[in-house]
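First chain written, first letter: the chains are A, B and C, and each begins at residue 1.
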Amino acid sequence: MPTDRMDEPLLAGAAAPLEVAVPGVEDEPLSRPAGLLRQGNFVVGVVLLAIVVIPVLLAPVLSSVGPDVQNPSATFLGPSLGHLMGTDQYGRSIWARVLYGGRYTIGASVAVVVLGGIVGTVLGLVAGYLQGAVGFLIMRVVDLLLAFPGILLALGVTAILGPSLVNAVIAVAIVAVPLYARIVEGAAREIRNLPYVRASRALGAGPRHIIVRHVLPGALPAIVVQTTIYLGIAALWIAALGYLGLGVQPPTPEWGQMVSDGQASLSIAWWGTVFPGAFLAAFVVGVSLIGDALRDRLNPTAAGS
Amino acid sequence: MTAPAAGAQAAGTAEHSVLEVRGLRTYFRRGRGVIKIVRGVSFRVGRSGSVGLVGESGSGKSLTALSVMGLIDKPGFIAGGEILLNGRELVGMPEAELAKIRGRDVAMVFQEPTAALNPLYRIGSQVAEAIRAHQDVSRDQALEQARHLLELVGINDAGRVLHQYPHQLSGGMCQRVTIAAALANDPGLLILDEPTTALDTTIQAQILDIITDLKTRLETAIVFVSHDISVVAQICDELVVMYGGRVMENGPTEQVIGSPKHPYTQGLINAAMSVSGGTGRLESIPGEVPDPQRMPPGCPFEPRCPRAMPQCATEPPLTALPDGRQVACWLY
Amino acid sequence: MVYVGKRLLALVVLLIAISVLVFLMLQAVPGSPVTALLGQSATNPAAVARLTQELGLNRPLPVQFWRWVDGVLHGNLGYSYQNQQPVSALIGQNLPSTVELAASGLLISLVGGIILGVVAAVRRNTAVDSVSMGIAMTLVALPSFWLGLILILLFAVVLPWFPVVGGSSLRGLVLPAFTLGLGVLGITGRFVRSSLLEQMHSSHVVAARAKGLNRRTVFLKHVARNAVLPVLTVVGLQIGALLSGTVLVEMVFSRPGIGRLLVQSILSKDYATVQATVLIIAGFYAVTNLVVDLLYPLLDPRIGGT
């Protein structure tokens, strides 16, 4: 990266848009085959993700006690060698609860993305390929769902269904559906008009064949990028619902719910709040970085780099 | 117009030149190396002269023009050479002083007329801006001058156009506006970088007429950059043919077109003539413009030259010919 | 004019659709709407009968819907049995606090985001740029409730500068506002940066420099001014994130407001209030989007058919 300055770094790049057909003289070096591994943000993202996910997966191995084991004589102990992340008001090991809790938070997020992703993709494919009245109707419903900002829709759904982890997953998945639908619809709409697809249609190929063979593969990069980005958002919202008491019910550990638990004793036992949240943050940052790196690779024209 | 017999290029009349470029080298930093785009370009523009910089894309002609304007920014930089505008050295001049010169002593017209105008401001405001950058006049006075300038470039409805936005005007009109803005402070030198390339042929002709007209009337010196040798030949008294970041040939237009010496120039002219309906067969120069990162040593044209010789592995210097022209070729 | 008309029409249609959906929410609750609304008092047959009559639950659905909408338009948002107050009163009490919080959050996110984006754009491809964008991304990824608690930990417990529980004072506003604003600031920062970079590279900026304008003028008149438009889009999106964020922030800081009202009513199964707050928030969001849409033609002569 050039770090030298000329007089006016303020208006750099004046020569760029004009005649110069200089190969590859851009700001961000891209598109070399093994490029992904070289991208800083990808590497950092994977590392962060590994730091979080691996311990979670290895919870039984890494934690000598279960997340529900209470120990009245060891309440509110600070982080130490014996208790890496201290204990909570019931003497339960925060370390164990963070590791096991991660399974709920991350697991729920994955479920959200899978559920919402599949439904949203199907809707998007149908709407994007068929267009017409069906497409119009689907996209208006999508617009309607998107009219509810952020977590509002999920809150509404939880209000109807009642608090539980399953309902939280459903609620957040419902929010994910329109996001996927919109992206897939856009991709499908473009692809269906490509010359080779039109040729295929003219030759009489059926919609199912075209969608599976042409549209879906074409939309795949966008879906993948959206998934990595949304995975992080889903985790945040699952945890948020957990924090509000609308998701997992105690004593089941879940990162958001643990933060809420720890809040009452924040001033005397900060570890109950800080650790679960830190793990959540690390997970989200890791996934976002990977998503960014993937987007740069698969979609270099997208904004925000 | 009277073409000086030997052109200003070969004669060493520096004091009378509006612009003198000597050995200009403009590079781009990339990674840990540099890409050399302009590799030693020299030419002169006399007062009221008109010089055409001709070459295919990638020849470095636009970058040369930008270098003269001092608009080369990171990762590009001027690596060497001299640029003398009215005797003043521009290379290494601090930005604040360059800003005083731009628009006043030298002005530029760009390739994409609509893109060169800010879509959010009215025409009048943008032309007035050029005026007030160097003249201490009120906004109303500037707008009045702007109106005259628009009429000067052949916009009849100047009063109305002043209040319009760029997206409401055609490409040709926008280009007239940018020319008007460039002439706002009566610069001694006007640089035009492919001003007609992005326009329709009929509009092209109109704009070229305007430029010719202004050239005669205002006696402004002109540097006209283009890949189209037939266009440049119409406007300019002298031609500088560029390839691979270097000058291949230069001299008075009549001589360069009439009896081109450099094989590249010959190729360009053949191609141009075949397009305008000469032999019925479209001629082109075989091969491709070289990648600046993989420039052959020696003469840059050697890979495509029909008359390449073993000598061409070393770079031929720009030699003067008896009739006052200059060619960079071992044939001479 | 057509532009404005179309947008207004779209807004009306959207509001109608939102209200239909919100109305159906109540119908979707397990059990009948009456028991849902009455909650605890559902065992009282007199109350049940009276409410059934009031809501016209004997009538077909569209009629019920119309009666409800009619009520809303006249300020009758239902009655909260849990709180023994009309819902409209509840909302009236809580709205100002939320507006205060959201506005300060927006201010912080805009100021912070712009500074971050400008710094990163001006020093692009340097360490400053990477760090700025790193900060931006991290802020977005932090769970807002956790961020709030960290701020409380640092600035109310460890350093007792601010009250732990958000009071109604200005001081009590600081931590919540920052929690809200910081969460949204990252996106704004990234957008400002990319928008500025796009402008800096554009032909009209080069042309402006060619006129001999000094760099400050070029930056303000040609780079910044043109970069505002895309940023406006982002601000529109931010408002959604801010509205949704107030829910969590108000809960973290025990601050009165619409967000906290919503959560509490969900937990206490006060469906009348849930319905009304969802409607209000979604409606408000739709209106602000329209306002943003209407600002476009004012800023860009190419839009809106000048």
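Things worth noting here:
Convention: contacts are C-beta pairs under 8 Å (C-beta built on N, C-alpha and C of every residue); 3 or more make two chains touch, one makes a residue touch a chain.
Since this is a predicted model, take the numbers as computed values, not measurements.
The minimal number of chain-to-chain contact steps leading from chain A to chain C is 1. Highest inter-chain contact count (C-beta pairs) belongs to A-C.
Rounded to whole angstrom, the centroid-to-centroid distance between chain A and chain C, based on C-alpha atoms, equals 21 Å. The geometric centre of chain A is 52 Å away from that of chain B, both derived from CA atoms. Within chain B, the positions touching two or more other chains are listed as 71, 95, 110, 115. Residues of chain A in contact with at least two other chains: 2, 8-9, 11-14, 17-18. The set of chain C residues that touch two or more partner chains comprises 202-203, 206, 209, 215. By the touch rule above, chain C contacts chain A in their complex via residues 14, 17-18, 21-22, 25, 28-30, 122-126, 137-138, 140-146, 149-150, 152-153, 157, 164, 190-191, 194, 197, 200-203, 205-206, 209, 215, 218-219, 223, 239-241, 243-245, 247-248, 251-252, 262-263, 265-267, 271, 274, 278, 281-282, 285-286. Interface residues of chain B, counted against chain C in their complex, comprise 69, 71, 95-96, 99-104, 107-108, 110, 112, 115-121, 129-130, 133-134, 165, 167-168, 178, 181-182, 184. Interface residues of chain A, counted against chain C in their complex, comprise 1-3, 8-14, 16-18, 27, 140, 143-144, 147-152, 155-156, 158-160, 162-163, 232, 236, 239-240, 243-246, 256, 259-260, 263, 266-267, 270, 273-274, 277-278, 280-281, 284-285, 288-289, 292, 303-305. Across the complex, chain C meets chain B through its residues 202-204, 206-215, 221-222, 225-226, 299-302, 306.
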